[in-house]
Amino acid sequence: MLEFIQDNIQPYFNYWVYVILMMIGLWATIAKNNLIKKLIGMSIFQTAIILFYVSVGVKGEGSKIPIVNPYTEAKSAEVVGADQHGEHGAKGGGEKYIVEPDNYANPLPHVLMLTAIVVGVATLGVALAVVQMLFKEFGTLEEDEILAQIKNADSASPDV
Amino acid sequence: MENAIVIISMVLICFGLLFFLGSAVGIQRFPDFYTRMHAAGKGDTLSSLLVILGFAVFQIHDLEFSGKWISENWVTLLVMLKLLAICAFIMITSPTSTHALMDAGWEDGIEPVLKKDKPNNALKEDQG
Amino acid sequence: MSDQFPILIVLAPLFGAVIIGLVGSRDHRVCMPVVLVALFTSLSAVIGTLTQVLETGPVDYFVGGWEPGKMAPGIHGPVEIAKGFGIQLRVDTLNGFLLLAIAIVSIFVSIFSIRRVNQKAASKTPQFYTLYLLLCVGLFGMTITGDAFNLFVLVEVTSLTSYALIAMGSKRRGTMAAFNYILMGTVGASFYLLGVGYLYLQTGSLNMAHIQEVLAANDFEIGRSKPVMVAFILIMVGIWIKMAFFPLYGWLPNAYSYCPSTSSCILAPLMTKISVYIMIRVMLSVFGWEWIFVDHVGWSDAVVILAVIAILAGSTLALAQRELKKMLCYLIVAEVGYMVGGAWLGDPERWGMSGAAYHILADAFMTLCLFLCAGIFAKKANATRIEHLSGMFKKMPLTMTGFVVGALAMIGIPPTCGFFSKFYLIRGGIEGGHWEFVIALIISSLVNVVLFFRIFEIAFFGAKPAEGHDHAHHDDEKDDHSTNDELTLLEREAPLRSLIPLFGTTAIIILLGVYNGQIVEWIRLTIKP
Amino acid sequence: MKWIALIAVTLTGSLLLFGVGDFPEWGDPHSPANQGPKLKSGEQVSKAVSQDFLTETYEVTKVPNVVTAVLADYRGYDTMFETVVVFAAGLAIFAILRVFGDGSDTPPMRAVEDDTFVEGDHSRIIIGTTCKLLIPIIQLFALYVIAHGHYSPGGGFQGGVIMGASFILLAIARDLKSALDWFSEKNFMTLASVGILIYAGLGVLCQFFERNFLDYGALKVFMISSDHPEQMARSYSMLGVEIGVAFTVTAIMFAIYANLSSRGELKEGL
Amino acid sequence: MVDFFNGTFSHFVGVALFLMMLPALWRVWIGPTAIDRILGVNVIGTKTAVLLVIIGSIFKQVEMFVDFALAYALLNFIGSIAASRFLHKMPASAGKLNREEETK
Amino acid sequence: MIPIFDYILLIFLIVAAVISLKVKDLLSASMVFGIYSFLICLLWAEMGAVDVAFTEAAVGAGVSAVFLIATVYNTKRRSSD
């Protein structure tokens, strides 16, 4: 049991949790009756995907955040000798620091997820506006009641 | 010198943790909303202040006291300034939100547990 | 200048939208000219790009100048730009024609929308046109992009604008449909995003061409790993939700039939078709033909069977509807079945996929034609149900003619484009050995015959007395100036502004049919290189 | 409904867990996404883009924060459409919810006795004073975040959201009307458009110098007294772009709140 | 000593803070009233700002993390104030009604 | 990345998600969704995604919970599930 956890769950814990969160979100999006609950579920669903992306970009313990400033990183980064880059380096303003990319978290998923978060908020806003419209028209936020009202209206006057 | 600073900050942080513990116990054990709010509001404010102050003090070890020390240490000084600013803002915002919530609880119609009531009963009644 | 055409396609509507956002609320009359100028700029840019494509092959455009292999100036000397650094736009013959179709459809619908929007919600006109142009931006961008993540962002642009367009004028059922559409659309887009994430996890790139290169490397060693398989399923499911493929079509009929007619006219022809295009693009340019049809043979059979069910279900449900728009919506479900099934036939000569690609173009115009007619009927004669159409041939002969052309194309009668697309699809089905697909196509055509001839019968022999005149054109010019006559005009022909797009569409339906051989040949340049 | 949900959730979950089995371990720096895909034999198929982003960004753009550089320069096209998404959301909410006129056709808002600021209303005094104190600080901080996005986390989105939140705070602490006095509907719609105009305009400006859209290097002609004109041009253009993003996000965040809290009537809110 | 502070000690403080979130989380779970839950949210919110600084300390880059700890300190109370405003504006009877229903 | 924080946070995250979906009072649900966003912000910060964490901090603390509360204010506070 312990071995199973160590081999299969611990190294993939983030991925497992993202699957679980996604399932919770999907379940809520489909099965919850209240519209706002559905939207909360939708947000959880989106966050789960963000969790997946960010987990992809993580690099081992001791890795740094992806801000590579040669001036403050001078201690850790390797300096290419002045003789190698010689005049060019002097002309270009200081030595060139070689950045070891394995030490920094992967920036690309972060950029993508920045986009996804903002998109999520925008979608949430629009969905909430639609919810308010629905409340104005039906006076309730429960899906089954709304559907029942629609059905009644249908059977009362099929021409609408 | 360096060690002394680190130890001072560690002591501050440990005190902060102690108060956090107090507020955590308070949230759990107090009988009604107002007392819980009391524990949470006061304890959390003070302990966050202490912990962040501890980190601000810790930043001193990074300072290098030499000739033009402001220009050389401005990153560290800025961090300290920001940490102190966090302290100040927590000092302002946390009591305000506590106050607002307390007020809202009163408006919401939550009755405080008074001395003559038995706390256990009140809690039970609340939980159904 | 000519090398900047690809980006101009996207930028012109974007700037149009911003300009309307800035000045539109002060003066509503600004909107229409800006929309037309923006869309015509796009159209000319599309034509410019398409001629380049036909002359010299696919056109690439690297936004920000991050072209792989080029040198970018760095502080310590030039730096070589690696693959997938920036975002790539790519126009080839497959999406070039689709861009053309989008430009034409959006221009037609904007002409069609002139009066409608001004009358209905005058205070929201500028917002409507801004959203409309942003929708066009999204559609153009989705079609043109060569980057998997950029596609997601543009999918969201189109989705958000279409949610708004569906919800803005509709009441009760329409709003509920919009809400369901939001949920389904978000889930679909999220699945797509997750699929791209899985691909990124395995390949470390987001550029479609680069991903394909990596997947195909060393005889698909990476391409055969489990995450790539899951990624493919996720992307497909996401796109299928967006295009309302068979088990996932629940949101579409209500959303499209209860929204304002202008919105349905732009959304119904384009949204599902662009999703189909994305599916073909992902199949061809990301995973590749061999990966799908050689490595995973069983999948294509399963999808074709799903498509067959979709066609049959769509046709049957359409038969049960009495509301015109809803019937058309179920027909869209069936048409999506045609296209998905065609794309998945997997015949070695790739006629099925070519037919599907051609059917995207054909179906966009067919659907546009029918939805324009439905909009005109609803507006002019207040006819939303099939029974209301009785006597329509005499009341609105011109509109009805357009409707007949659209319906014939839908049934598949030469020389309309619908016949030829079905021809290519059937050819693909026979060569791929998918007889069930062929049979479903024929059954669906028969159902369409029943559907539309029922309408023709009602409209031709309908009991309602005809009060209209034959000089529709003549009356229409008056219509603009004399609003007092509005009540009496109700019984007559649609205004010129509705008829121009309608007859433009019918002309294109026939032209597409007549020149089908050349167009399919061009499309096959991309599909079967 | 529950059964459908159960089936969908089970199917998706098992599919995803099936995929997880072959993943590289969490936090593995040699995973394909981090170092480029490799074959089983260990042969490198291609290089991952993010490697180059990390090593070359400072060289090419003089921006230490790689995320900002990728966001605003390499993938600036994405970010432009992200801003467009926000803009579209604002417009969508306006189109869906906004009600014009006196609102007599809609049911009246709930009766509220103590909505207005009353002398002696302690709650409002305390909150009002705190907000009066904090709102300028929040806005100053938002400006700092926007401007400092090159060197530390932050940038247009974050700054814009914080700025928008400051207006939301004003609307909550006082009332919506006083916030709208500061920042009226016309203003925020214009500001949102201006934001996108700045972004796309900077991109088009590059096209006038015969480069591609959003190739900020073209703007080096404006960097007269600089050692590295092209890099500095990229750096400053990114700042401009971030400002554009911040405009749109600020405006739209407040617009969304204003419409949502007052049911689109923009009269009295939460 | 500095390494100890940045490493083990910060880890310890962080874990301790997480453990102290548990009572608040428990309070959020059991309620019993809405406002109790909001109280729990408030408590966790305060701890979040502190934890951000601690994470920064573990990364040895506090200067990068302090910015959004500051953002948290500034923005954290918007939610609480909005909730309190909500409860203010709802008639008190509605609040009682809600509470009774919730306890069922 | 900080593994121990990661494990704790992920478990808390699931708990917060379940609570916010379980609570029947929508005002509480919106606020508990705030906890979810606090935790997730910590999670991003812990994984080194500072910009994402900053965005989540600004969005979660300042905007999204307030949107939800505003909607609940204008609609109905009780939910049936």
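The letters A, B, C, D, E and F name the chains in turn, as written, and every chain counts its residues from 1.
Heads up, the rule we're going with is that a contact is a pair of C-beta atoms (placed from the backbone, for glycine too) under 8 Å apart; a residue touches a chain by one contact, two chains touch by 3 or more.
Source: prediction; values computed, not measured.
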item	value
Given chain A and chain E, the chains that contact each of them	D, F
Chain of greatest Cα-centre distance to chain E	C
Computed distance of Cα centres, chain F from chain A, in Å	13
Mean-CA-position distance for chain D and chain B (Å)	31
Mean-CA-position distance for chain F and chain D (Å)	18
Junction residues of chain A, two or more chains touched	13-14, 26, 55-61, 63-67, 92-93, 96, 108-112, 114-115, 118-119, 121-123, 125-126, 128-133
For chain E, residues contacting two or more additional chains	31, 34, 38, 40, 59, 63-64, 67-68, 70-71, 74-76, 78, 81-90
Residues of chain D touching at least two other chains	16, 23, 27, 31, 33-35, 48-50, 58-59, 65, 67, 71, 75, 78, 82, 85, 88-89, 92-93, 96, 123, 127, 134, 137, 145, 152-154, 157-158, 162, 165, 168-169, 172, 228, 256, 260, 263, 270
Contact pairs between chains, per stated definition	A-C, A-D, A-E, A-F, B-D, B-E, C-D, D-E, D-F, E-F
Sites on chain A touched by chain F in the complex	13-14, 17, 20-21, 24-25, 28, 32-34, 36-37, 39-41, 43-44, 47, 50-51, 54-55, 57-61, 63-67, 105, 109-111, 113-114, 117-118, 121, 124-125, 128, 131-132, 135, 140-142
Residue numbers on chain C that touch chain D, as the complex places them	4, 7, 11, 14-15, 18, 21-22, 25, 61-66, 72-76, 79, 82-87, 123-124, 127-128, 130-131, 134, 137, 141, 147, 149-150, 153-154, 156-157, 160-161, 163-165, 167-168, 198, 200-206, 210, 213-214, 217-218, 221-222, 225-227, 229-231, 233-234
Chain D residues within the chain E interface of the complex	110-112, 114-115, 123, 127, 134, 137-138, 141, 145, 148, 152-154, 158, 162, 165, 168-169, 172-173, 270
Of chain C, residues touching chain A in the complex	75-77, 149, 153, 156, 159-160, 163-164, 167, 171-173, 175-176, 178-179, 182-183, 186-187, 190, 193-194, 197, 200-201, 206, 384-385
Contact set on chain F toward chain E in their complex	2, 4-5, 8-9, 12, 15-16, 19, 23-25, 27-28, 31-32, 34-35, 38-39, 41-42, 45-46, 48, 50, 53-54, 57-58, 61-62, 65-66, 69-70, 72-73, 77-78
